[in-house]
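Here come two complexes built around chain A, the first alongside chain B, the second alongside chain C.
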Partner chain A sequence: MNRARKLACVVVLVVCAMSLAANWLAPAGYAKQFREAPDAPPSHQHLLGTDEVGRDRFARVLYGTRISLLLAPAAALVSTVLAALVGGLAGYLGGFWLRLARGFTDLFLSLPWLFLLITVRALLPLNVSPLTSVLITFLILGLLGWAASARVLSTSADALRNSDFILQARASGLHGPRLFLIHVLPNLKPVLYAQFWISIPVFILSEANLGILGLGVAEPMPSWGSLLRELEGLISFREEPWRLVPLLLLIVVMTSFQLLLSNEEVTA
Partner chain B sequence: MTTTTKMPMSTPAQVKSESLLSAHLTVRYPGKPPVLRGISLDIARGEVVGLVGQSGSGKSTLAMAILGLLGRQRATIEGNIIFQGADLLAMSERELRNHRGRSLSLVLQSPLASLNPALRLRTQLREAWRAHSDNNATSTDCDRAIQSALKSVSLPGDAEDPDFLRKRASQLSVGQAQRVLIAMAIMHRPALLIADEATSALDVITQSEIMELFARLNREIGMSILYISHDLPSVAGICQRIAILHEGEIVESGPTEQIFTAPAHAYTRRLMAALPQVPVRREVLLARAHAATLQ
Partner chain C sequence: MNMSKPGRPAFSQFLFCVAFLSLALSAVASAQSGGELRFCLRSEPKTFDPLLVDDDSSLSIRYLTGGVLVRLNRHTQELEPDLAESWKLSKDGKQITFKLRTGVTFSDGSPFSAEDVAFTMQRLMDPALHSSTGDAFRSSSGAVTTKIIALDQIAITFPAPIAGLDRLFDQVAIMSAHSPKKEAAVLGPFMVAEYKAGSSLLLRRNPSYWKKDSQGRRLPYLDSIRLDIQSNRDVEMLRFKRGELDLINVIDSDYFDRLAASSPGLAHDAGASLDSDFMWFNLVASAPIPDYKRAWFRSTNFRRAISEAINRNDLARIVFNGHAQPAVGPVSPANKFWFDSNLKAETYRPDAALNLLQADGFHLQNGALLDKAGNAVEFSIVTNASSKPRERMAVMVQEDLGKLGIKVNVVTLDFPSLIERISQKFNYEAAMLGFRNVDLDPNGQMNIWLSSAENHAWNPQQKAPETAWEAEMDRLMRAQASAADPKKRKESFDRVQEIVAEQVPFIYLVNQNALSAVSSAVQGADPGILSPQTFWNADRITLNQTKRASR
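Entry: the complex of A and B
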C-alpha cells in the first residue's frame, strides 16, 4: 500500500469513527435548537457555529456524515447484489439470457443517471418522515444503480462460463444453481468487491445531489446533501468559511475513496 | 441447442456385445463445413483407444459430442453415440447429466486451468462426488470416497498430508493438478474416461508418470480410456488401438502395432515420417506399440 492509500485509509477511518462517535462528540444532537444563538459563528460551545434555526452545525455534520456513510454502502450492497443476480446469472446462462440482460442494462445505462434518479424520487411521496426518506433514498440508489455493475459482471461471468474449470465441473455432472453458487460466484468475488467499492462514492455524490435539490433525506435529519443545500443562502465564503466544512468533507472523503480503490478495481 | 438427426448407421442391436461405445456421427456448426464427417469410433470395455490428429482436426469436438457438451455452441450432430447400449444423442439433458462424471468422465489438457482457482481441493472433490451421490450418503462416505480417489492417483490423503486438501490449484504443481483432475474423474469409477490431450501440457517425466497412472487405472478398474492426443509416442505407450483423425474424418484405425508398422493412409504415413529421427526412437516406439497391442 503506498503512502497516499495509507493516508486515504486513515482519513476514511477517522471520519467514520467520528461519525459513529457523534453521540459523545456532540451530545446535544442534530435537531436541538439553540434559539438564543441562531446563525452563530464558531465558538467553544459550537465548533462550527449554528444554523439559521440554532442547530449545532458540528453535530449536524457528524450525524450527516453517519447517514451518508451508512446510506451509500447499504445502497451499494443492494445494487451489487442486483448486479450479481442480473449480470452474473445472465453471463453464466449465456445465449438468449445474456443478450436480454445486456440489452436491458444498455437501455438502463443510456438513461441519464441523475435525471432518472430525480424523476423517480420526484414520483415518490416527498412528505414523509425522515427515517422513511432515508429508506426511500437508499432504495432508489440501490435499485437504480445496478446497471453498470451488471454489465461488468455479465462479461466476467460470460468468460467464466467458457472457462476450462466450468467445463470440467459440467463434465463432472454439476449443473444449475449449485454450479453457479459454488463454482461461478466465488470467482466473481473480486469483481463484486470492486463494483461495491466503486459504487460507494457514486452513491455518496448522488445522495448529495438529491439532497441539494431537496429530494434526499428529509429534515431535520441531516445528510451531506441537506448540509450542502444550506450553502444556497451563503453570501460570502470569506465571512463564513466554516459553512464550507460539509463541502470540504465531501471532497476529502470522495478523494480518499478514489485513492483507496486500486487501479485493478477501477478497471475491473 | 444441439439438434440430432437419426442416421441408419448402426443400432444398439448391431453393436458388439463387449462394445462400450460406438459412435457414428457428423458434427457441424451453422454456416460452416462439418467439423466431423461421418466418423465411426468403437471402444470396447476395458480398452484404451487412441485418437490422434493434429490441432483443429476435431478431436475435442468428438470428446464434447460424446459428453453432450456441444449444445451451447449451437452444434448440429447427426448420427448416434451408443454408450452402454443407449443412444447418448437421444437422451435428455437430465439423463446426460446422470452419465457425466458417473459413467463418462473427462480430463482436460490444462490441469491448472481445469481446477477452480477459487476453491480448495476438498471442495472441488466433494462437489464432484456429490454430483452423483445418494441422498442418504453422509459426509463420511464423501471423505472416504475422496481419500480412496486420492490414493488411486498416488496423492497424499489426510493421513499423509492433512494440509493437501486445503490447497488451491495455484499451490499445486502441474503434475499434482492433473492427478487431482484424474481423481475427480475416477471418483465414481466411470466406464469410460476421455483424456483430451491430458498429457500435452506436462513435462516429459510428469507425462510419463501420468501415462503410467492411466495404464494402472485401466488395469485396476477396468476403465476404458479414449486417449486423445496429437503426440504419437505417448499414444503408442498406452493404447491398444489407434484411430487417426484428419480434417474431421477418421482416415485409418487399427491395432497400435499395425498403425506403426504398416500405416495405410497417406496422412498416417506423414505422421510417422514426422516422428523424431533418432535411430533408437523408432524401435522403442515399435516395442511399446507391440506391448500395448498385446495388452
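Entry: the complex of A and C
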C-alpha cells in the first residue's frame, strides 16, 4: 500500500469514526438552536460556529456525514446494480437487446426529471419523519440515476462480447448466465467501480438540489447536501471560511475513496 | 493711511465670490445635469400596456412612464393632485368628478383632455380586457359611465359605491384616446425608448412632462433610466458594489447587513413594511386530513396556543437579523391610517399556551402532547422551498412547538405544488406563506377576508359562512366597502382586525422591514416602505457624476 492510499485510508477511517461518535463529540445534537448565537464564528463551544438559526455546525457536519456516507453509497449501489443489469446484459446479449436498451436509456435520460420529481413529491405524504424522508430521497436517486451508467456499461459489455477470450469461452461450451457471471461481469468490474464512485458525489449534490424541490432531507436533519445549500449566496469566502468545511470534507472524502481504489479499478 | 489698498480686498472678495458662485453652480449643474440612473428589474416585464399590468416589473415601468390623475405620496401616504388639479367625491360614493390640468401633452405631443380619461376608463372597465387594475373598480354589476363636462372636467359614475375610490386612481395610467402611438404615448416623467428582450430596457425623459420644480425647471432631472433584467440577486449586489447599478429597490436582510458593514451609507432600512409572513391551519371541512386533526385545527384555543408558543422576537432577530418586527395582525403598523393601534403583537408565552391546550383536553405524556383520545399532536407545515427566510422560520417554529411536545414536520414544496395543495386539493395541515401588500386600503384585502373569497386561505369559497365570526367579518368587510365616511370604514375594519386577533385564523409572524440600497451618487432618493421604495420620486432624483465616477 503506497503512502497516498495509507493516508486516504486514515482519512476515511477518521471521518467514519467521527461521524459514528457524533453523539459524544457533539452532545448538543444537530437540531438544538442556540438562539443567542446565530451565525456565530467558531468558538470553544461551537468549533465550526453556528448556522443561521444557531445550530452547532460541527454537530451538523458530523451527523450529516453519517447520513450522506451511509446513504449516498447505498443509492450509488442501487443505481450501479440497475445499470449492470440493464447495460451489462444488453451489451452482452447485443443485437436487438442492445438497441432496445440503448433506446430505453436514451429515452430515460431525455425525460424531464425535474417535473417528474415534482410529481413524485406531490404523491408522497406530508407527515413523514426526517429519517423516512432521507430514505425516500436516496432511494429515488438510486432508482433514477442508473441510465447514464447503463449506457457506459452497455458499450463496455458490447466490446467484451466480441473479444477473443469470450469467443474462446463460447467455443469451450460456456454460454448463457454462466458466461455472463464468470467472464463478462468480472471484466466489467473496473467500469462498475468507476460508475459507483462517480455516482456518490453526484447523488450528494443531487440531494442538495432536490431540497429546492422539497424532496431533500427534511429539517432539522442535516446531510452534506443541506449543508452545501448553506453556501448559496455566500459572496466572500474570506469572511467566513469555516462555512466551506462541508465542501472541503466532501472533496477530501471523495478523493480518499478514489485513492483507496487501485489504478486498475478506477481506470475503466 | 494707505489709500491705494482699499480696492484690493474688495476686488479679491469679489473674485472669491465669483469663484464660490461658479463652484456652487457647477456643483448644482453636476448634480442636476441629467445622466442615466441604472438599476435592475428582477424579471421580464410582461406587458407595456398600463391597464394590463399585473407583475412587479411592469408595475415599475408603469410607475415611471404613466401619468395618473392622483398620486399617493409614498412618504406621507396622502393623496396628492397630479394630472387632476382637484377632485370631488359624491356623498353616495358612486361618483367622482375630476378637474383636470390644462396645457398638458402626451410624450408624442398630442394634447391631454377629459376625452383621454374617458377613453382610459372605458377601456379599463371593458370585461374583455381582463384588467386586474379594473377589477378594483368593479363593486357590482352594471356599467361605469363617464360624462365629459368640459375638456378639463369629467365625472365618472359607478353602479355602486366604492370605498376609497379616489385612491384607486393612483394605479390608473391615462392613455391617449387619439394618439396613433397608443400606450407608447405617455404622460409620466419617462418613456420607453428601447427594449432588448431578456436584457435591458431604456427609458428616456419625457420632454413633454408637465411637472416643474420650485425654480421652474422642467422635470425630470435625469436624462434616462436603464433597467437591466437580472433575476440573480447575487449578481445584482455585486454589480451594485462595483458601481454599475445605482439602486436596489428591495434587498434581503443578509445582503443588507453585508452592505451595511462595508458601506453603511448605502444601505437603507425604512422600517416595517406592509408585507407580512404568517401561517395558518387547514379548516376546510372536506380536506383529506384525519377528523381528530381537523378538530384540533378548528379549536380557537388550539390556534391561540400555537400563536402564543411562537417566539416572534426570535424570528425577527434571527431570521431577518433584526430587520423585521413581530407582526400584530392583518395590517402592518406601517399603514398609518388603517392599523388598529389597540392591538399588540402576541407575546411569547409557552406556559399560557400549554394552559390553553390543557383547557381543550390536551395533556403531556413522556414529553409528547396528546389529545383527549390519546393521539400524539403532530402536523406538517408546508412552505415554498425557494424562500430561505420562510424555511428558517418554519424550523424555528418547529423548535418552539417542540417545547410544548408538539411534533412539527417541515415540508418545503415548489411553489406551484404548494399553491395546488392549499387552494385546490386542500391536502395540507398547516401552511406558511407571506402576503405582499401593495395597497393601503382594506378593500385590497376583500379577497382574503370574505368567507366566499378564493384567498380566504384557511377555508376558501364557503357558500355561507361556516362560523359566526366569519359571518361577522363578512358583514364588517362589506360595510366598510360600501361606506363613504373613512371613520366608519375604519371602525368596521378595526373590528375585523380584532376578530382576527381573537380567532387567529392566520397566525401572523413578522412584518419585514423595507430594505434597499442607494448609491451615494443618487441624490434626492427617499427610500420608503411603499412600492416602488427607492424611485417613487424618480422625477426629482439627480445624479452626482463626480461621486459616481469615484465609486
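Following the convention adopted for this analysis, the second predicted complex is superposed on the first by the 169 of 268 C-alpha atoms of A that agree within 3 Å, B and C clash if a C-alpha of one lies under 4 Å from a C-alpha of the other, contacts with A are read in each partner's own complex, and residues count from 1 in each chain.
In this text, a residue touches a chain if its C-beta (ideal position, glycine included) is under 8 Å from a C-beta of that chain, and two chains touch if they have at least 3 such contacts.
These numbers come from a predicted model, not from an experiment.
J.: Touch check for A:Ala74: first (chain B), second (chain C), both, or neither?
T.: neither
J.: Scan A:Ile204 for contacts with chain B and chain C and give back first, second, both or neither.
T.: In the superposition, A:Ile204 touches no partner, neither chain B nor chain C.
J.: With the two structures laid over each other on chain A, which partner does A:Ser129 touch: chain B (first), chain C (second), both, or neither?
T.: Second partner only, chain C.
J.: Looking at A:Val15, would you say it contacts chain B, chain C, both, or neither? Reply first, second, both or neither.
T.: Touch partners of A:Val15: none, neither chain B nor chain C.
J.: According to the contact criterion defined above, which of chain B and chain C contacts more residues of chain A?
T.: C
J.: Taking the superposition as given, does A:His183 touch the first partner, chain B, the second, chain C, both, or neither?
T.: first
J.: A:Gly95 in the overlay: touching chain B, chain C, both, or neither? Say first, second, both or neither.
T.: The answer is first: A:Gly95 touches chain B but not chain C.
J.: Could you please specify the touching residues of chain C with respect to chain A in the complex?
T.: 233-234, 237-238, 254-255, 258, 311, 314, 318-319, 378-380, 382, 385-386, 388, 391-392, 394-396, 398-399, 409-414, 416-417, 420-421, 427-429
J.: Mind pulling up the chain A residues that touch chain B in the complex?
T.: 94-95, 163-165, 167-175, 178, 182-183, 186-187, 189
J.: Contact residues on chain A for chain C in the complex?
T.: 31, 33, 35, 38, 52-54, 118, 121-122, 126-130, 211-214, 218-220, 232-233, 235
J.: Could you please specify the touching residues of chain B with respect to chain A in the complex?
T.: Result: residues 67, 69, 72, 97-102, 105-106, 108-110, 113-119, 123, 127-128, 131-132, 181, 184-185 of chain B touch chain A.
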